[in-house]
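Going in written order, the chains are labelled A, B, C, D, E, F, G, H, I, J, K and L, and every chain counts its residues from 1.
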Amino acid sequence: MPPRLLLVNGPNLNQLGSREPDIYGRETLADIEKQCGAAAKKLGLALDCFQSNHEGELVDAIQKAGGNCAGIILNAGAYTHTSIAIMDALLAVSIPVIEVHMSNIFRREEFRHESYVSKAAKGVICGFGSRSYLLAIEAMADLARSK
Amino acid sequence: MPPRLLLVNGPNLNQLGSREPDIYGRETLADIEKQCGAAAKKLGLALDCFQSNHEGELVDAIQKAGGNCAGIILNAGAYTHTSIAIMDALLAVSIPVIEVHMSNIFRREEFRHESYVSKAAKGVICGFGSRSYLLAIEAMADLARSK
Amino acid sequence: MPPRLLLVNGPNLNQLGSREPDIYGRETLADIEKQCGAAAKKLGLALDCFQSNHEGELVDAIQKAGGNCAGIILNAGAYTHTSIAIMDALLAVSIPVIEVHMSNIFRREEFRHESYVSKAAKGVICGFGSRSYLLAIEAMADLARSK
Amino acid sequence: MPPRLLLVNGPNLNQLGSREPDIYGRETLADIEKQCGAAAKKLGLALDCFQSNHEGELVDAIQKAGGNCAGIILNAGAYTHTSIAIMDALLAVSIPVIEVHMSNIFRREEFRHESYVSKAAKGVICGFGSRSYLLAIEAMADLARSK
Amino acid sequence: MPPRLLLVNGPNLNQLGSREPDIYGRETLADIEKQCGAAAKKLGLALDCFQSNHEGELVDAIQKAGGNCAGIILNAGAYTHTSIAIMDALLAVSIPVIEVHMSNIFRREEFRHESYVSKAAKGVICGFGSRSYLLAIEAMADLARSK
Amino acid sequence: MPPRLLLVNGPNLNQLGSREPDIYGRETLADIEKQCGAAAKKLGLALDCFQSNHEGELVDAIQKAGGNCAGIILNAGAYTHTSIAIMDALLAVSIPVIEVHMSNIFRREEFRHESYVSKAAKGVICGFGSRSYLLAIEAMADLARSK
Amino acid sequence: MPPRLLLVNGPNLNQLGSREPDIYGRETLADIEKQCGAAAKKLGLALDCFQSNHEGELVDAIQKAGGNCAGIILNAGAYTHTSIAIMDALLAVSIPVIEVHMSNIFRREEFRHESYVSKAAKGVICGFGSRSYLLAIEAMADLARSK
Amino acid sequence: MPPRLLLVNGPNLNQLGSREPDIYGRETLADIEKQCGAAAKKLGLALDCFQSNHEGELVDAIQKAGGNCAGIILNAGAYTHTSIAIMDALLAVSIPVIEVHMSNIFRREEFRHESYVSKAAKGVICGFGSRSYLLAIEAMADLARSK
Amino acid sequence: MPPRLLLVNGPNLNQLGSREPDIYGRETLADIEKQCGAAAKKLGLALDCFQSNHEGELVDAIQKAGGNCAGIILNAGAYTHTSIAIMDALLAVSIPVIEVHMSNIFRREEFRHESYVSKAAKGVICGFGSRSYLLAIEAMADLARSK
Amino acid sequence: MPPRLLLVNGPNLNQLGSREPDIYGRETLADIEKQCGAAAKKLGLALDCFQSNHEGELVDAIQKAGGNCAGIILNAGAYTHTSIAIMDALLAVSIPVIEVHMSNIFRREEFRHESYVSKAAKGVICGFGSRSYLLAIEAMADLARSK
Amino acid sequence: MPPRLLLVNGPNLNQLGSREPDIYGRETLADIEKQCGAAAKKLGLALDCFQSNHEGELVDAIQKAGGNCAGIILNAGAYTHTSIAIMDALLAVSIPVIEVHMSNIFRREEFRHESYVSKAAKGVICGFGSRSYLLAIEAMADLARSK
Amino acid sequence: MPPRLLLVNGPNLNQLGSREPDIYGRETLADIEKQCGAAAKKLGLALDCFQSNHEGELVDAIQKAGGNCAGIILNAGAYTHTSIAIMDALLAVSIPVIEVHMSNIFRREEFRHESYVSKAAKGVICGFGSRSYLLAIEAMADLARSK
């Protein structure tokens, strides 16, 4: 059975594609998850996807992944900047975590420059739109291989 | 069919009236919602009401309102000062948002002076007790008329 | 004789309407004062109006109102953020004060987020253009009634 | 009927014992709750236990306890440092609250030194591992006696 | 002809005595000025008095005193904490300046702890109510003698 | 008729020359205004001059200039660092503004390094004594030509 | 011979009980030390007590305890927030240290929230009045047992 | 028997007069204490004097004065800016405290602008050299009279 | 001819592999550049490589690339956190820039969390060792394709 | 032989004119240097010009100018805000330095508001585009004359 | 008679050698003092040694040395970072002071980076273990010679 | 062959002696290097000397020294306070580094108090003029001996 990855998306990312397509593009989160699933499969990995607007559900999902996944790819959205609870959950699992953002958060408002997720992540990829997720899957595959 | 508004109340506002009536008055949240409904009706608006102590549920409610409401009146309670997730949800809906507080938050503790909601709101009304909500409904009606 | 309110406008608000009408609208301060006067009258209140670019004159006016008005509606303009003198004058009068701004000051430059007036006001209304004043008059009428 | 206490644990504390036993010990949260229950019983108190990773559920539980418990022992985990909502819920209940941490949070990262819970708690006990909970139960029993 | 002192009082100090007598006492500014005049006379000094709510008028008065007074006693009220203009005026006159406050400003709000006047004053006397002025007159007499 | 410039000087600049001539030179403000008038005339410009120690009068003068001048040269003295009201007045006029200081404010006290005027000015010239004004007039003439 | 503990109290704690009994209770430090001695004895421990208003004497006492005690219970009073010397002394002894405060220091002035003692302590107990000491003795007994 | 005052001087003030007479004058602390004693006597007060370089001894002296003096005049020297222990001792005595400094501390280094003593003092007198003490004695006599 | 990319490495990256191989691995910068060249070639891109310890030479190289490259991949090493000059050079070229770091800079010292390069970069990839460069090449290829 | 001035330009200023002509104009640095040379000549001064992207070369050039020039006109570009080395070089030469910027740096990003060059400059001229340099040459000529 | 130096050691330095010899070495303070005495003697200097854990005693010792020593070598331990009283004592003596630390304080906790002693010292030597003292004696001998 | 040391001097230190001899003395850098060479020779060490105004060249020199020197003595001048690149180069070499300054940097401007070099140095010696270098050579010889 192939190693499983968990792709986790945080608050408001369920809205992708359905609004302001001129800015965020027309891809929905479902489209991105599908592309990621295909990319993972090519690299010999299975991909589970989860999205929630609830901090607590994200913590639950990360805890569960700790026991049965080979890695977590996480775009925690706004919780990136405020959630020590998610950071603690990530620090407690012993599998690699990659932090992803579609936009370059360092060119946005000051309060988006600080990330609690970064303190628990192996690496960070941001600024490449939906392509950020695909690069993270490649990075995760590489980490899996090098173990 | 009249345009619909959504009145959203955040954490601990469900406790209004049932305790410390000397400070917060004897009106329950249900009382306030009822008064607001009546006021909205007079102004040709329908009013939906929602309260939750859960940040994620408030995000969910705001997202849903984006598609079927003409405006949101929001007292985010304590999340006012900590929730970038709610701010992002508000920024993503294209309908007007009015921030409301019963107390004058600027005369309270330092950490209540900063509001993420304000960064996404059309306007702010605070300090008038339950009357703050009614003023917000009038302001919303006015915004609806002037569109 | 009806209770009197004092509507006080601070620096640069005398320029309303005569410039940049695309941004601030075509209403002059005189127009707004007239609308406010009419609204006050409907609610059984008399309205005095005062504008000055001078911090000291605003302090003088507030002191005088302390003795013969039922409330003050104040848009202190730029002095909102710098004048402890105005705050002290407001704290010394025993009548209610409502702080008003046409724009949502919390979406403007950082130095406009701090308000000394807020520390002395009953409540704050901002972001609704000239409508902010009218909401303040309604709020003041309500305060008068509930006393 | 003996007075009831509520023991509330926040995010990631459900993972105790199942991981990194060299650091956190082999006791699970269930073990700790059992010990606490026994200790409470000896002191003539009944103990209810609740754990959640969801800030909103913690607020709900605190509100409910306000009406039917004699005191709350709370280890809010990461929410200790970020949740004004939990602090507000604690401030609204009229029963004593004791803040507990297994580790000495003041020897950890800077952002764990600030606690919103402390602002609403009668007292704080931290740094004694699972023993912190037992000391809190003794303290609570003492508070109950001295009332 | 005896040396002249100027006693300058800033914003809101004209309200002394007429309101909140329980806090600030029943002495009006006129009463205080009279007592100060008498005390000065005993010490062989003449006293001019000036009060204004206008920062600019205070600057004007200080400039004028530079040429024809032996010293300035200044309670700049709220301008103490915000007026570099008054500080510059004081720095430009070559006569001694004594800063006075009726209350102990260091036990009040944080923003009252910083004083621009202090940077230009010979000395500071605060916290003794109207007696602060009388102590300043004695100190000024002493300075005059020791020149 | 030649285009008119307004030369505005703020608090304490009326004292130039009459005191501490060893530091500030023996030129009075009248001398400087005369030199500036002559320089302006040579460049085909008329020069109006205004000085006040009153923040409000400076705002008044700037507002008036907005309608009938081609540019403003402003040394706001101490108000440079504290007056948002003057900045707002400058931002509201659509004519170019040049900020001038006789001293290099960046080599003086920390609180003189921040300038609200700079946020509304086309350019800044400081550190050249009375020559700063003359350079500003040349710069203004150049701006007039290039329009 | 039973293991010895040292109970150290810092500045102003010698005044307990003799003043403001309505606030701090009527127990003197001697009373508390006696109760602590009794409690320690029950748990098989001997208790030495020391109080001083002198930072240096507290350092001396801690150093001496390093060689002949099994643990230190320390209420450093005001030195808690200012003394790196005491922290260094505590870090140098290899026995466990428990920090105690009668009040909940986190609900007091901002400058009482930072503790140098915490950086050297095993754990912290605060807010339970004289009971804080007794809880610390129990905790210390437990530490002794678990070694 | 006349009411007693305690004059307390902190670290390095025992060196007055014996060095750098050009700056601090040739008066020794003994000279100043003698003058103060004489001045107190004239006003019907007895004066005890105490100086120490030891923070703990200053705390001891303040505690003792609490029981048998009518007031404390304190120049805490460098401890003014660092000693919460002295502040706590002052807050615990129920007699009035006047803070004195020979120099105007607000024109000296930044770290001398903050005073813990001020938070516990009735009033502050600084900048008048040894005359600061005499003014404090007069102020104290006045306080005694007005009680 | 294939589009050219420029791979720029800043200070101390020339030392890779030759020291502390246990930490940074045994790959030299030459090895990494070779791998990157091969990867670029596969994706239809040519790769130029440049390393310097000199901030000015990095600015020179970026300027030159502006005219003849399709994109820049930059690991500015320590200059990431201090060089506004490099940021300005990047902002002036109209080609995409990707910021790369081998380590996760957000888990290192505080002063490595701020990046001037980020303010001018399309995206950021960090934490994947030498693999960070290869991911950047893929991202750049993708950007080229999507133009 | 006429006195020589040195015109020094820092990083990225060599790019002037060749890119983004709509923003920075079509003048190249060579054009500006030529205009400046002509202007200097008219005023009886010779002008040497130097540009570098290297902080060290700028320091070298300033050191050399110290011995054989009558003044330095410096636009240090990005190094303005980060280079203490350039400031030290300027402080060590005994000739006057004028700081120049084409844009008004105080209306740009926060980190461009602080200038180390200002601490070593006679005066500052900014915001007038290439005209800033010409004003500096006039100011320098004036300084030369007044020596 | 040879010139005398005073070697002063602050809090916790009396513990050197007796504990944690693996970290701080096996040299006791007595050993170090003996070596320093021998080194001083070789250089024609006599050495007095003093250690105390009491801030006040350190102040006393410095004051006394002012009158009968040629220089002070001071390792103030933790008081380095908190004692303005010691700094004032050092500033008042007219003999040279050398600050010494065994460890490199700049590689330790943030609060050890600030030194009040440095503001009063001729020079600083830190990081060389007990050798720091010997270097200071050589430096002091050199200062003595060059006088 | 004797062990080699590298003496590195940063920006503006090449100017020593040739200017402001009253302040910095008449010794040139060459003089100091010669003295250091002689001192090193006496202690059985060879000394290489390097000076540059270029941050990059200093990094180059440090890297090169890593392979063939026994230690580095570094006065990084202004780069001390701004160069993470130099710090990183120092951290990467495995030989001891001693930081030297001629002046006591802690008595100079605030921005000279922070040193990146200190974070990579074994020890720091500052404030002894050219003698600081000689003390560093002695310290280095001692380090060499004790290895």
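Keep in mind that, in the parts below, contacts are C-beta pairs under 8 Å (C-beta built on N, C-alpha and C of every residue); 3 or more make two chains touch, one makes a residue touch a chain.
In this text, all values refer to a predicted model and were calculated from it rather than measured experimentally.
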For subunit H, the least number of touch steps when starting out from subunit A: 3
Partner chains shared by subunit B and subunit D (touch criterion as defined above): A
Subunit H-subunit I separation of Cα centroids, rounded to whole Å: 64
Whole-Å gap separating subunit H and subunit J, where each centre is the average of the chain's CA atoms: 55
Distance from the mean Cα position of subunit J to that of subunit E, given in whole angstrom: 48
Shared interface positions of subunit H, touching two or more other chains: 54-57, 82
Every chain pair in contact, whichever chains are involved: A-B, A-D, A-I, B-C, B-D, C-E, C-F, D-G, E-F, E-H, F-J, G-H, G-K, H-K, I-J, I-L, J-L, K-L
Of all residues in subunit F, those that touch subunit E in their complex: 10-12, 14-15, 19-20, 52-57, 77-79, 81-82, 111-112
Residues of subunit D that touch subunit B when the two form their complex: 54-57, 59-60, 63, 66, 82-85, 87-89, 92, 94
In the complex with subunit D, residue positions of subunit G that touch it: 104, 106-107, 113-115, 118-119, 121-128, 131-132, 135, 138-139, 142-143
